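Before anything else, here is the set of structures, which you'll find just below.
Next come two complexes, and both contain subunit A; in the first it sits with subunit B, in the second with subunit C.
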Partner chain A sequence: MENLLDIRNLKISFDSERSRTDAVKGISFCVGEDEAVAVVGESGSGKSVTAMSLTRLLPPPPLCRVGGKIIYRGADVAEMSESELRKIRGREIAYIFQEPSTSLNPVFTVGYQIAEAVKLHFPENKNPRKTVVEALKEVGIRNAEARYDSYPHELSGGMQQRVMIAMALACRPRLLIADEPTTALDVTIQKQIIELLLQIRKSRRMSLLLITHNFGIISELCTRVIVMFRGKIVEHGPVDEVLHNPQNPYTKALIACIPRLGMREKKLEPIDYSKLGEV
Partner chain B sequence: MIKYIIKRILEAIPVMFVIITAVFFMVRFVPGGPFDRERSASAETIAALNAYYGLDKPLFEQYLGFLKNLSRGELGPSYKYEGWTVNEILAEKAAVSLELGCAALVAAALMGVLLGLAAAAFGRSAWGAILSGLSLLGICLPSFVLGPLLILLLAIKFRCFNAVGWDSASDIVLPALTLALFYAAWIARLMRRAVSDELSRGYVRTARAKGLPPGKVYFVHIFKNAVQPVVSYLGPAAAGLLTGSFVVETIFQIPGLGRFFVSSALDNDYTMIMGCVILYAAFIIFFNLLADIALAALNPKVAKQL
Partner chain C sequence: MQGREEIKTDPLLKVENLKVSYGLGGGIFGRGGRIFNAVDGVSFSVRKGEIVGLVGESGSGKTTTGRAIIRLAPVSAGNIFYGGKEISGLSDRDFMPYRKRIQMIFQDPFNSLNPRMNIFQIVSEPLDIHFKEMSREQKVDRVKELMLTVGLEPSHLKRYPHEFSGGQRQRIGIARALASEPEFVICDEPVSALDVSVQAQIVNLLQDLRRRLNLTLLFIAHDIAVVEYLCDRIMVMTEGKIVEQGESEELCRRPQNPYTQKLIAAVPRF
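On to the complex of A and B.
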């Protein structure tokens, strides 16, 4: 089966006048049709820039250089023109970001912001408002018709993230990239958002690339997991296997950080990087 | 919104009252009187003049009389320009100053916003540096230098405009430009700063991630956020343009209010000073209100607080 997304030896570096930072140091993985893959790692492991690089959302060279190959449905993303890319962004590959409150423009209604994507990718759609209201209903926003004209600040954080998801879904993408979709939200809201993503995964044939630092949320959503540390993949495999039988010391340390009920006796251990060595 | 406008107008009444009272007593405490400069007048004549205009009465009684006239919209006779009431002078001159001020305000806003957008788009390139340098020059160049420079260049060398005067329609161009340039430069800097601040916001990433072309990201999403500090600045800028027109009116020989305002203070022309102060204060309050309403129209969060 042809993979939806194939990443081969991806390298990303940021150049400033004085220094050069290698954020991603040659990683390879793929995402299949209708597959959910998680990328797990701590802040600075390069997981978010990897997500951004997939549709070339990173700053252009010389600020940022991307090497290796990103193949989306057989086409090299690096060789696409800007207008070809814009047909992929939002339409084929959609994003949800970490901070819903800053990811929405404060001076436009949420309906306008979703409709903008619909009008852009489906100019033949005679009634974009209807499409938007349906998308809002699908992500569980009550009173969707009235919410169309709400401004982002009139909604709670959880509702804002639902709006972001509705924006991503409204154009029926093949791949949804969720970059820390629950990190900025309360625990109870986190659970609702995960359940929503799960339900969407069931109702649509859509691939998911979930980026998170939290091992706790991936087992429900994803089948495969990639563990990243300092720009490299340190472990890669089915979620159950990695969770229950981690091979890499960093993965073990990361899994030990998941808080569980009844672990009052044993304190959560911070990761001791000196013991990890060169992973 | 209408409730808010009414509230702001009601709030302006005590402000105006304090301004009127303070200025009324302040000008009276300045040594000298309105008729001191009449060289030929004897002491008896001045006393007769003072008695004629009621200036010999106790100060507080004069104040009450002034308020009583003001409540009917009467500002009283000018002490300097015989036979003219202050109302007549204001009506004739204020229109000129207002026309000049509004033209300068519109020019400043347009030039400033466009230059700021361009400077932000060029970023740190050579063009960006040139635009920043120009806007700094615009801020530093005083109008008494800029005005004559424009006259020299556009009126005398290239003969596009009349050097001075207020006769043909094109006569507004040079003074308005002179008046506007400082504010245009300031607005350009505000705009450039705001745009580069907005560029790193999350919603810009969202807009690009959904496939919007750069023009739409820039002129729809970023613009509506970045123009807000400029709109808030337009209120104070309007005040500055109206009250600051004295130098420009003098350079270009324009029969506006600025010259009357300054000469009335020098002449102790009490009623004229009061008339100018009241009019300017009303303009300033009005333009600030207008700027706040425009800001509320742009930003729903601000509108909610109204």
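On to the complex of A and C.
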């Protein structure tokens, strides 16, 4: 498996006049072609800023400093020009964010918003509407032809998230970065979205970097998992091994505090951070 | 309901055929518009000391049901009894004592606290209403005591909500709810906005408070695994109706209603 994305000693810090916050403290991992990797951690672990840094979506210095190397298909992201980056964002690496209702522009139809990305990356496409309708069909939106002209508020949360996925997939990216893609959704809708992502990954051989705190979703979608805590990777391995036989004390504590169906007798143990010290 | 240790007391709260309807507009002044039944004929009871879970997806009417009990949503039809007395028909004035006995904890600890009030002001506000005779010193002592009860540092009395983490803010919300010495607390998605480890802390705190303060809880949530863990009984709601209720373990292990089965099957496992 060739590496699509190779991250070496990534460091991210945010500077204000008074203080400096090290959000990511030197992490290394890679994502292969046709591979699904999960990054799991609590809020503040640095998982979302890591995702943002991959296509330089973070604010420029001096506000935010990114160190280390991010290599995408052999090229260093830090050395790319703005125009090179624009070719990668959306076209090669696409994102889906947590809250579909705030990610969509309320004053444009959903079809228009997806078409915008298609027109940008494929100016030679004579019929972007057709491409968009196909993308909407692919994510399971019925009556896609009519839905093209719907505004975001006319769609349910699950439908909005499908639109976000359609938008991310319309340009056929090699890598999809999904940051908590189902957190705002009901479980039955979440199940549909998981199945949709599984099916699309299979049909397109697309790589996935899934950022989440939900171990259940990881086990359904990913093969490898990275556990982040306070800006560092504390454990890294195949999903089955990490979930069923965690080695790191933080991973163990994180898994022990999640309620699972049918485990009523087991007491939930909140994480005792004082015992973890500097992991 | 074949509970293992069924509590044989009279229900503290009894809801009969509750309906909450909203007009969908259409027609001038809403006349001739369609009616949407957010809660469509719901009946249940909660016994003293129980923790009952109300689960459902968004739009199922679970939150509206909780809010209707304390008049945060308009009751269109049906009866609500509390301690054997009907409270749904009472005037606002006569309902006042029930506002003391029934309290609510809200979902979002970031939006449910007034950012311009410090912790003392937030937690002591219910005391100003329900314990008018208390002196300032008594209030300070009581607020400190409440902060200890929910696991906050009492010396942080003068701090503002933004100085606290999400979990600590939810503890502030709980302290405020407990200030009026309620018997019954409606918890509306109190842990949904929190990190998993903080969620575990709050869930354990609620369990502990139930024992220590002899509380009765209605726990409204969409995460059925949390509900199964915390609650004695579960009611499942969809499209404004309760489609199944039963003892937690039994309901999760052998759901009878097709919707409950679908809901439980959708939970990703590991």
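Assume the second predicted complex is superposed on the first by the 276 of 279 C-alpha atoms of A that agree within 3 Å, B and C clash if a C-alpha of one lies under 4 Å from a C-alpha of the other, contacts with A are read in each partner's own complex, and residues count from 1 in each chain.
Operating definition for what follows: contacts are C-beta pairs under 8 Å (C-beta built on N, C-alpha and C of every residue); 3 or more make two chains touch, one makes a residue touch a chain.
Bear in mind the structure is a predicted one, so any value in this text is a computation, not a measurement.
Room for both subunit B and subunit C is found when the two structures are superposed via subunit A, with no clash between them. In the superposition on chain A, A:Ile271 contacts subunit C only, with no contact to subunit B. Contacts of A:Arg91 after superposition on the shared chain: subunit B is touched, whereas subunit C is not. Residue contacts after overlaying the shared chain place A:Lys191 against subunit C, while subunit B stays out of touching range.
Once chain A of one complex is fitted onto chain A of the other, the partner contacts of A:Glu99 are limited to subunit B, with no touch recorded for subunit C.
Look at A:Ala38: by the touch rule set out above, it reaches neither subunit B nor subunit C.
Shared-chain residue A:Phe108: touches subunit B; no touch with subunit C.
By the document's definition of touching, of the two partners only subunit C reaches A:Phe215; subunit B does not.
Looking at the shared chain after the overlay, A:Ile233 reaches neither subunit B nor subunit C. Taking the C-alpha centre of subunit A as the apex, the lines running to the C-alpha centres of subunit B and subunit C meet at 70 degrees, rounded to a multiple of 10. After superposing the two complexes on their shared chain, the closest approach between C-alpha atoms of subunit B and subunit C is 10 Å.
Shared interface residues of subunit A (contacting subunit B in one complex, subunit C in the other): none.
Subunit A meets subunit C in the complex at residues 42-43, 157, 186-191, 194, 213-220, 243, 253-254, 257-264, 267-271. Here subunit A touches subunit B in the complex through residues 55, 57, 86-91, 94-95, 97, 99, 102-108, 113, 116-117, 120-121, 151, 153, 164, 167, 171, going by the rule given at the top.
Within the complex formed with subunit A, the residues of subunit C that make contact are 57-58, 166, 195-201, 203-204, 222-226, 228-229, 248-249, 252-253, 262-270. Partner subunit A is touched in their complex by these residues of subunit B: 201-203, 205-213, 216, 221, 224-225, 298-301, 304.
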